[in-house]
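Two complexes, one shared chain (subunit A), two partners (subunit B, subunit C).
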Partner chain A sequence: MKLAVISCIHGNYEALNAVLSDIDDCKADEIYCLGDLVGYGPHPNAVVEMIRSLDIPTSQGCWDEDIVEGLNACECSYPSQLAEQRGRLAHEWTNEVIHPEVREYLATLPMTLKKDNLCFVHGSPNSEHEYLLPSMDGFAALERVMSVDADVLFCGHTHVPYVRNLEEATLAVRVKEPGKGERATQLETPVKKIINAGSVGEPRHGRPNATYVIYDTDTMQVELREVPYDYKLTCEAIIDKGLPPIFAWRLARGMEFAERADDPDHVCQR
Partner chain B sequence: MRWAILSGIEGNLPAYEAVLEDIKRQREKVDELFVIGDSVGLQGDNEATIKRLRAPKPGELNPQVCIGWWEEQCFCLHGLSGLPDAPELVAKHGVEGAEALWKSVSRESVAWMRSCHFGFFESGCLLIHGSTMGYADELTPETPAIQLCDRLIRADANALFCGRSGRTFECWVTPEKLRSTVTTLDEVQEPKEQGKTPRRVVGVGSVGHEPGQASYALYDSVGDEVTFRTVAYGRSKGFG
Partner chain C sequence: MNPTTIIAVAGPPGSGKTTWIRQFLASKNLTAFYCCPGMGEESVDLARIGYCYPSVQVFPEEKTPEVLSNLPDRALVFLELGFHIDVTAPPLSTLPCRRVAVLPPGLENSPQSSEWHEWADEVVAGSEVAPPKSEEMPEVWRTVLSGRVFDAPSLDEISIELTGDAYGKVQRMKGIFELPDGKAFYVDFAAGLSGIEYTELPISRWLNGRPDRFSGIEVTGWNLDKKTIADTLLGSCLPDSAIASYQEQYKAMLANELEEIAQS
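Showing the complex of A and B:
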């Protein structure tokens, strides 16, 4: 079975349409979505309506959560104060235009979706805000996959797609308890994968094209897809709606505007 | 350097006094005293325990105290963090438990607990009530190895001393090997082999939870050696 996994659409209707057409061309059997349907982009309601009309199973992203719960993430969600100010503006705009039924729908989204040995989350199984970067410690990454009893963990949130194979992991454990003596065990795990689906509507891999992944459950093959679309239409809409122009500027370049999180492993406790 | 590491006094002042006596009796001098959370609870006199912690007697070690699960419940009840109806506390100890805790800790003591640390990092060791995941994270010898490994990596520590479980144990975790290969849109990166030296999670026991029997840990930071102590006190002491 061929699965298409999309993430981080961020109110970019043009990009979503292009990706859905590409998924059609690839003849995927099912589509899963990893959240962040809204935020940054100019068409949050249209994006949510499209996802709902296609009945696409979707996990909740951090932006979806913020629209439901109110902006409650700590400063760790943004790489800089400037980015935080821009994010706040985008949140306020989205919060204002979002339809009540769309907000209600976003509130129903689960944090985690499971299908057999596959798990779908926005950030990580711990939090919608945690970044699973490809450079993360291998054993810590392995823990995220194993914590949800999966072989393949699909995530988004970083906006840069990648596949990470974790193989031949071996952990030795020796336990000493007073009165119970000492015992030793060894843990060996089969191949585990983390697949980051990138971003449909706000890519940050250095090009403006939308990204997503196709996964074949029979062969375990992953295809990272890059889909060109008319991003200028979205950029114009961003400007027209009065959103910060920098969102259009970076969308046209596929980059995160030169700012990096100081502590990307940090998990927001709020 | 020798450290005494305690957790879970839970307001049981006689148990704490018994441990202090045991520390004094040690042939090798103890240099530091850490209390890693749950100083208050439902096992005795919280106010008297806090007073004792804040004002050690002349010649006694000055305890370095961090917050634990029970302190967090106090913060909830006082509207300082979390949810004001303290759902974790009510689920475990009922409304009566919440009421008892509310009545037994003054606002001044809560303010003092608020000023305590979340944990301590000394000589490559993290001393914390739960783990870096949170105050409620309960690590035990039965915790999956990969989870223990993750908590050690998050802490970037060689040893993690914790108290949430109330149990005494040492778990040595050795992440022996792992091959990681990353593929991006533009390249397949060279596989990376990863392995780490052994690290350990140490449960330091509980001073006040088990009536008549207090447990704690002594740690020799030079020899990297842990010794667990069990101290009988009150009625269970001696030939009864």
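Showing the complex of A and C:
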């Protein structure tokens, strides 16, 4: 079975349309979405309506959560003061234009989705806001995959797609409990995989093209797809809707609307 | 060089005028003076030379007559002329001085191709900056940022955006910026040269409140969106509470380092 996994659409309707067409061309059997349907981009309602109309199983992203719960960010959400100001501005704009039924839908999204030995999250199983960067400590990465009892963990949030294989490992765990002495356990883990789907609407790989992944459950093959689209339409809409023009400038260069955290050892406190 | 010499240095933005001048400023045998006519009382170049070469006497343009009439023996005076200054008009055209044009290699090898060739006594090969793409003269926008302390990642972002033409076509950007660890950096960009250069200035750390010394930025280019540049710069500056908090942390860190050195 061929699965298409998309993430981080961020109100970029043009990019979503292009990716859905590409998914059709690739003849994927199912589509999964890892959230961040809204935020920064000019068409949050249209994006959510499209995802809903296609009944795409979707896990909740950090921006989706913020629109429901309000801003309560950890420092990793905003690696610079400028990024924080821009993020707050985009949040306020999205918060104003979002339709009530869209907000209600975002509130219903689960943090994780499971399908057999596959798990789908936005950031990490710990939090929608936590970054699973490719350079993250191997033990910590393995812990995240094992915590959801999966062999393959799909995530997004970093906006740069990658595939990371966590080789077979033996983990020795020693637990010391008061009055019970020390207990040692050994765990054998098979190969695990983390697959980051990149970003449909807010890429960060130096080009404006949308990215997503196709995963074949039979062969375990991963294909990172990069889809060109008419990003200038999105840029025009950003300016027309009164969002900061710098968002359009950054989108056209594949630079994200605001930069992200880059510390692989950071544990999100959100 | 003669015991007392005035050298006027001209050239396009980013060609390496200041770099060429700097090679003479470290000499201890001369009393050096430095001025940037046309750049006002305070400018990035003036401040940078003052910070890097405390023995050099930097002076604003309006003091030029006074300084020139009271030069000591063996003085060496550098007048760095902005690209926007008409070097063929008085008083520069009549000033008794040695005229040096610092030009990009391509331009340097094609005599008579610029007013600098006609004006200069000597043409020096400078940096390989990109030739301006527009026939129209670029504008210079500058602002004093003294007392402002920048959030370092924000400064990095705005530098990337500015020099990537997010706020208009930029030919040159240079600035002096204060950071919360008390250090000040000279930031330099010229179109055609690779990347943005960050150089720490050899001045003491300022860890007690807002720095009371010059910092500022100069941007040369076309169609500059000055308001957005100014707003983005201000948005990158830290509030008093953050400055105080960072300064306390750095002071504690430096005190610990000193203690460790004393114990070792």
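Going forward, the second predicted complex is superposed on the first by the 241 of 270 C-alpha atoms of A that agree within 3 Å, B and C clash if a C-alpha of one lies under 4 Å from a C-alpha of the other, contacts with A are read in each partner's own complex, and residues count from 1 in each chain.
Simple rule for what comes next: a residue touches a chain if its C-beta (ideal position, glycine included) is under 8 Å from a C-beta of that chain, and two chains touch if they have at least 3 such contacts.
This one's a predicted model, so the numbers in the text were calculated from it and none came from an experiment.
Colleague: Between subunit B (first) and subunit C (second), which does A:P161 come into contact with in this model arrangement: first, second, both, or neither?
Modeller: first
Colleague: Of the partners subunit B and subunit C, which touch A:D216 in the superposed model: first, second, both, neither?
Modeller: After superposition on chain A, A:D216 lies in contact with neither partner.
Colleague: Comparing subunit C with subunit B, which touches more residues belonging to subunit A?
Modeller: Residues of subunit A touched, subunit B against subunit C: more for B.
Colleague: Contact-wise, after the overlay, does A:P134 reach subunit B, subunit C, both or neither (first, second, both, neither)?
Modeller: A:P134 contacts subunit B only, not subunit C.
Colleague: Which of the two partners, first being subunit B and second being subunit C, lies in contact with A:E30: first, second, both, or neither?
Modeller: After superposing on A, A:E30 lies clear of both subunit B and subunit C.
Colleague: Which partner chains sit in contact with A:R174 here, subunit B, subunit C, both or neither? Use first/second/both/neither.
Modeller: In the superposition, A:R174 touches subunit B alone.
Colleague: After the superposition on A, what does A:I246 contact: first (subunit B), second (subunit C), both or neither?
Modeller: After superposition on chain A, A:I246 lies in contact with subunit C alone.
Colleague: Determine, under the contact definition given at the top, whether A:A83 touches first (subunit B), second (subunit C), both, or neither.
Modeller: Once the two structures are laid over each other on A, A:A83 reaches subunit C alone.
Colleague: Residue by residue on subunit A, keep only those touching subunit B in one complex and subunit C in the other, then list them.
Modeller: Touching subunit B and subunit C on subunit A: no residues.
Colleague: Under the touch definition given earlier, write down the residues of subunit A that touch subunit B in their complex.
Modeller: Its residues touching subunit B are 126, 134, 137-143, 146-147, 160-178, 185, 187, 189, 198, 205, 211, 222, 224, 226, 265, 267, 269.
Colleague: Under the stated contact criterion, what part of subunit C meets subunit A in this complex?
Modeller: Where subunit C meets subunit A, its residues are 151, 153-154, 156-158, 161, 164, 166, 228, 232, 235-236, 238.
Colleague: So in the complex, the part of subunit B that touches subunit A is made up of which residues?
Modeller: Residues in contact with subunit A: 133-134, 141, 144-150, 153-154, 167-186, 192, 194, 196, 198, 228, 230.
Colleague: Going by the contact rule set out above, which residues of subunit A touch subunit C in the complex?
Modeller: Per the touch definition, subunit A meets subunit C at residues 79-83, 85, 245-246, 249-250, 253, 259.
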